[in-house]
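Across the two complexes that follow, chain A remains constant while its partner is chain B and subsequently chain C.
Presenting the complex of A and B:
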């Protein structure tokens, strides 16, 4: 049991703020967390500065949000890991890199060059070294690339059901319960397992070609793949209640890979190759199928939208880099 | 000769990651003050090469607090690229979504971030926050937390997810509203109206009338005589989704009124090593550094300054009251941003109620129109909670993005925040140290803009020269390094 309230720190990498909003949206449930914990650090809501984290000897629970994009964020992640009894990777950015992870194939100088392409005037200011902006990483990372968390709460941002479980874990922990091993919150199966649009026999899905989102009017109750639209459902972890699909838009994979899916993009290509134009397979041959696959104009942005830094693509690129050296 | 450098790191009770750097000489005189956005995710870089129709669900992640605004601005830019005109019902639904976005963000800011400065101004820093509010204002906090559930539910009906919604499609929205959903929205918006009214009344009684707020309103250092920019309707009314951009000068004279798609003729962007955020500036005046007549301000106060009327009853009453106290326009006091936010919340919830009782049914007709001839580029502009938000995409023949420019309201306010900080620090810096009180005086200035540092961009190389003594915010000397802070 804790003698006084356990401490809670909410710490950021590069964030959009959506994970903060998800916590605040807990509403009355947030009040329960605030009652059970002493909030040591939470920049969006509480006035403690970075030195608080530097000075404190230990933190009971830390929630980490965001992608790691610069040197300061990497230091902070290591600092928080070293001081926290429990570290929670909250949201898909912290776990897989999230949408900002799409920068994983663009290095620091290229990023700055691309971004300055729209500026009309540029000022070079000589700053004291300490006031310099933190260096961008050449390859953006997820928290998991740098340290090991104890609890993983996926979603962009995490769904109600993930948050419910997390609040339970936090409240139990504050009451003295121990954490048993690593906790991965949420249904590990693929989204298709829960989807009401799923055809009776999953193996009999037939994709009539590749259609882009703007090329058709989406039918409200038909499997997206059967409409020719890329849906990441077959490879995505079902931690949500399918809000996008219920809203008539395909899954884009925001909860990351389902259990036993190593690499979302590769797995999805394998799914596609088994369902795409199956009825015309014999007539089209491999060449025809690959021509159809070419209609996916942006494989990275569609198949790795949330997981690029953790993908095999990046792992291969990293090891390739080492060999070159 | 050694200067000291102080940091407020991070600036707290704002969204995203930023810090303040204060350079002081050996006589304890403030030499330089900088507001630095230290986070850069690089959307404009990695959004190149993407299928343009996917942009609304990619760029929404620029900001989780105003994800709907990015989703909508992006949707409008995609419509423009594809040459599409969404049907009337779809436009109504998008406007409705933009209203709930404004309320969501404004209440989040007012209640969680700003309110402690006014109703807990004498509390110790450790309690100057939502935890302190739970103790001192339990009734208000109860309404605030309940409102979160209502706002979230409205957003879920529209977009499935409250943050990073699945809502906009090229040429419309993803699905029709059902009768049940419409009934649910009607009920939720009624609850929201009660909650917004309660919070507005509380704001009037406990904030507007407080000595703390009145003192801040009279304080010259929290005043920037800037240019203002924002959308206005064709009749000059407050507008969030459509209309044209209007710029007024510090005397309130109209400088320009232009089509949002012509933004690049009027807005240019400056970049500097001091921040990863760019500094959009009035192109016709040129970049003149941090001088107030030459910088833009966007957001709630700017919108009220550039528009001639507020078109709903309750909001208009509140607006007139603000003008009575602070007018005539333009109002330059930054603290009035808080008041403007309350007025906008009233306006938006009133508009939402109107929409639900309107003649045009939200359930009839198509919600998407896929007709249109694609073009090489498109611009989409909306008023986001923090101000004018611009998405501009160029595409190749496969409709893949080749160029992406996004100008966010926090970037538009970036120069003004720096202008104001210099004044506020000059006034607050008395005893030569960064006490909690001085820190909060400085942060109050930043907080009034409700900056969203997640919507950030840019930097260049650095160099060093002069010797500087470095001290952190607890006044502990760290090390002596070389360098000059901003000249």
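Presenting the complex of A and C:
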């Protein structure tokens, strides 16, 4: 048991703010957290500085959101890890890199060059020489690359059901319960296991080609893949409440890889190859098949939208083929 | 210093390319020893993950050998699966800035031991031109 209320720190890396909103969206449940915890640090809600974190001897629970893109964020992550009894990686960015993680393809100087002197910006941007800015990392990292969290809450942003579980864990912990090992919140199976559109026999799914959403009239209760629409469901963890599927949009893989899937992209390549045009292979031959496969315009954007920094090919790029894993 | 030689992992299907490798051995055909053959039940079984793992663990190129299309596959259509996997993986590799020529798929029947030797020699000289995989990724 805690003598006084346990402390809670909510710390940011590179975030869009969606994770914060997801927490605030807890509504009444948020009040339960506030009843049980003293908020030590949360830039969006309380007035506290980094010194506050540096001064305290220990923090009971820390929630980390966002990707690690510069040296300051790495220091902050290490700081909260060393002081926290429980560290929670919250949201896909902290776990797999998320959208800011797409920068993993280029290094710091290429990034600065891109934003300051190419046509993506209208005017040339001069970087401030007055203020001392933290160094951009050459490779974007996820929290897991730097420190070991105790609780993992995936989702972009984490869904209501993930948040419910998280609040339960937080409340139990404040009442003195111990965490047993590493907790991975949410259903570890693939999204297809929960999907209502899946056909009765999963092994018989066949893609009739590759179609973009505007090219066809979607049948609302039929599997996306069977209609030719690229859906990341087969390799994605089923932690969400299927908001996209229910709104007639295919899965884009924001919850990260399902159990036993280490690399979403490579696994999805395998899935697509197994189901694409299986009935017409002998008629189309290599030429026809490659023509159809060429219809996928941006493979990285499709396969690694949320998990690029943790993909094996990024590892290959940074290790140079001399296994450092 | 000795001349750099590429390392190649080749995944050969048991029924065609793998048998061709056996035949090449029995017929005493010479080919360079820096190609490491791994015989698998079917080329369609070679997942992209397996190929990338090979590259991660020190291979400079990966060769996938299967039965001739359209009709030779022992399991009906494993070779088409292999083709699609390798085709997509090559596209992905080039988007990552890794030369897609480092991965190659070839159809070699059980009797074509000569073709296997030719393909291996060709592939090795191509890789010698490309240099170690380090060069691709450090750019």
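Rule of thumb we're sticking to: the second predicted complex is superposed on the first by the 302 of 325 C-alpha atoms of A that agree within 3 Å, B and C clash if a C-alpha of one lies under 4 Å from a C-alpha of the other, contacts with A are read in each partner's own complex, and residues count from 1 in each chain.
Basically, a residue touches a chain if its C-beta (ideal position, glycine included) is under 8 Å from a C-beta of that chain, and two chains touch if they have at least 3 such contacts.
On a predicted model such as this, the values are computed, not experimentally measured, just so you know.
Taken together through their common chain A, the two structures put chain B and chain C side by side without a clash. Contacts of A:200 after superposition on the shared chain: neither chain B nor chain C is touched. Touch criterion met: A:39 reaches chain B, while chain C stays clear of it. Once the two complexes are overlaid on the shared chain, A:25 sits against chain B while remaining clear of chain C. When the two complexes are superposed, the chain touching more residues of chain A, out of chain B and chain C, is B.
Using the contact criterion defined above for the overlaid structures, shared-chain residue A:115 touches chain B, although it does not reach chain C. Look at A:278: by the touch rule set out above, it reaches chain C but stays clear of chain B.
In the superposition on chain A, A:244 makes contact with chain B only, while chain C stays out of contact range. With the two structures overlaid on their shared chain A, chain B and chain C come no closer than 10 Å at the level of C-alpha atoms.
Once both structures are placed on chain A, chain A residues 105, 298, 300 are touched by chain B and, in the other complex, by chain C. Within the complex formed with chain A, the residues of chain B that make contact are 5, 7-17, 21, 23, 34, 36, 38-51, 53-54, 57-58, 61-65, 67, 78, 82, 108, 112-113, 125-126, 128-131, 134, 141, 145-146, 148-149, 151-152, 156, 159-167, 169-171, 174-175, 268-276, 278, 283, 286-287, 368, 370, 398-400, 403, 405, 436, 439-440, 443, 452, 454, 457-466, 468, 470, 472-474, 478, 481-487. Across the complex, chain A is touched by residues 47-49, 52-53, 55-60, 69-71, 77, 80-81, 83-85, 87-89, 91-93, 95-98, 132-134, 137-138 of chain C. Touching chain C in their complex are the following residues of chain A: 105, 262-263, 265-267, 269-270, 272-274, 276, 278, 281-282, 285-286, 289-290, 293, 296, 298-300, 303, 312-323, 325. Contact residues on chain A toward chain B in their complex (touch as defined above): 12, 14-22, 24-28, 30-31, 34-35, 39, 43-51, 67, 69-70, 72, 98-100, 102-103, 105-106, 110-112, 114-134, 136, 156-157, 159, 212-218, 220, 240, 243-244, 246-249, 252, 254, 297-298, 300-302, 305.
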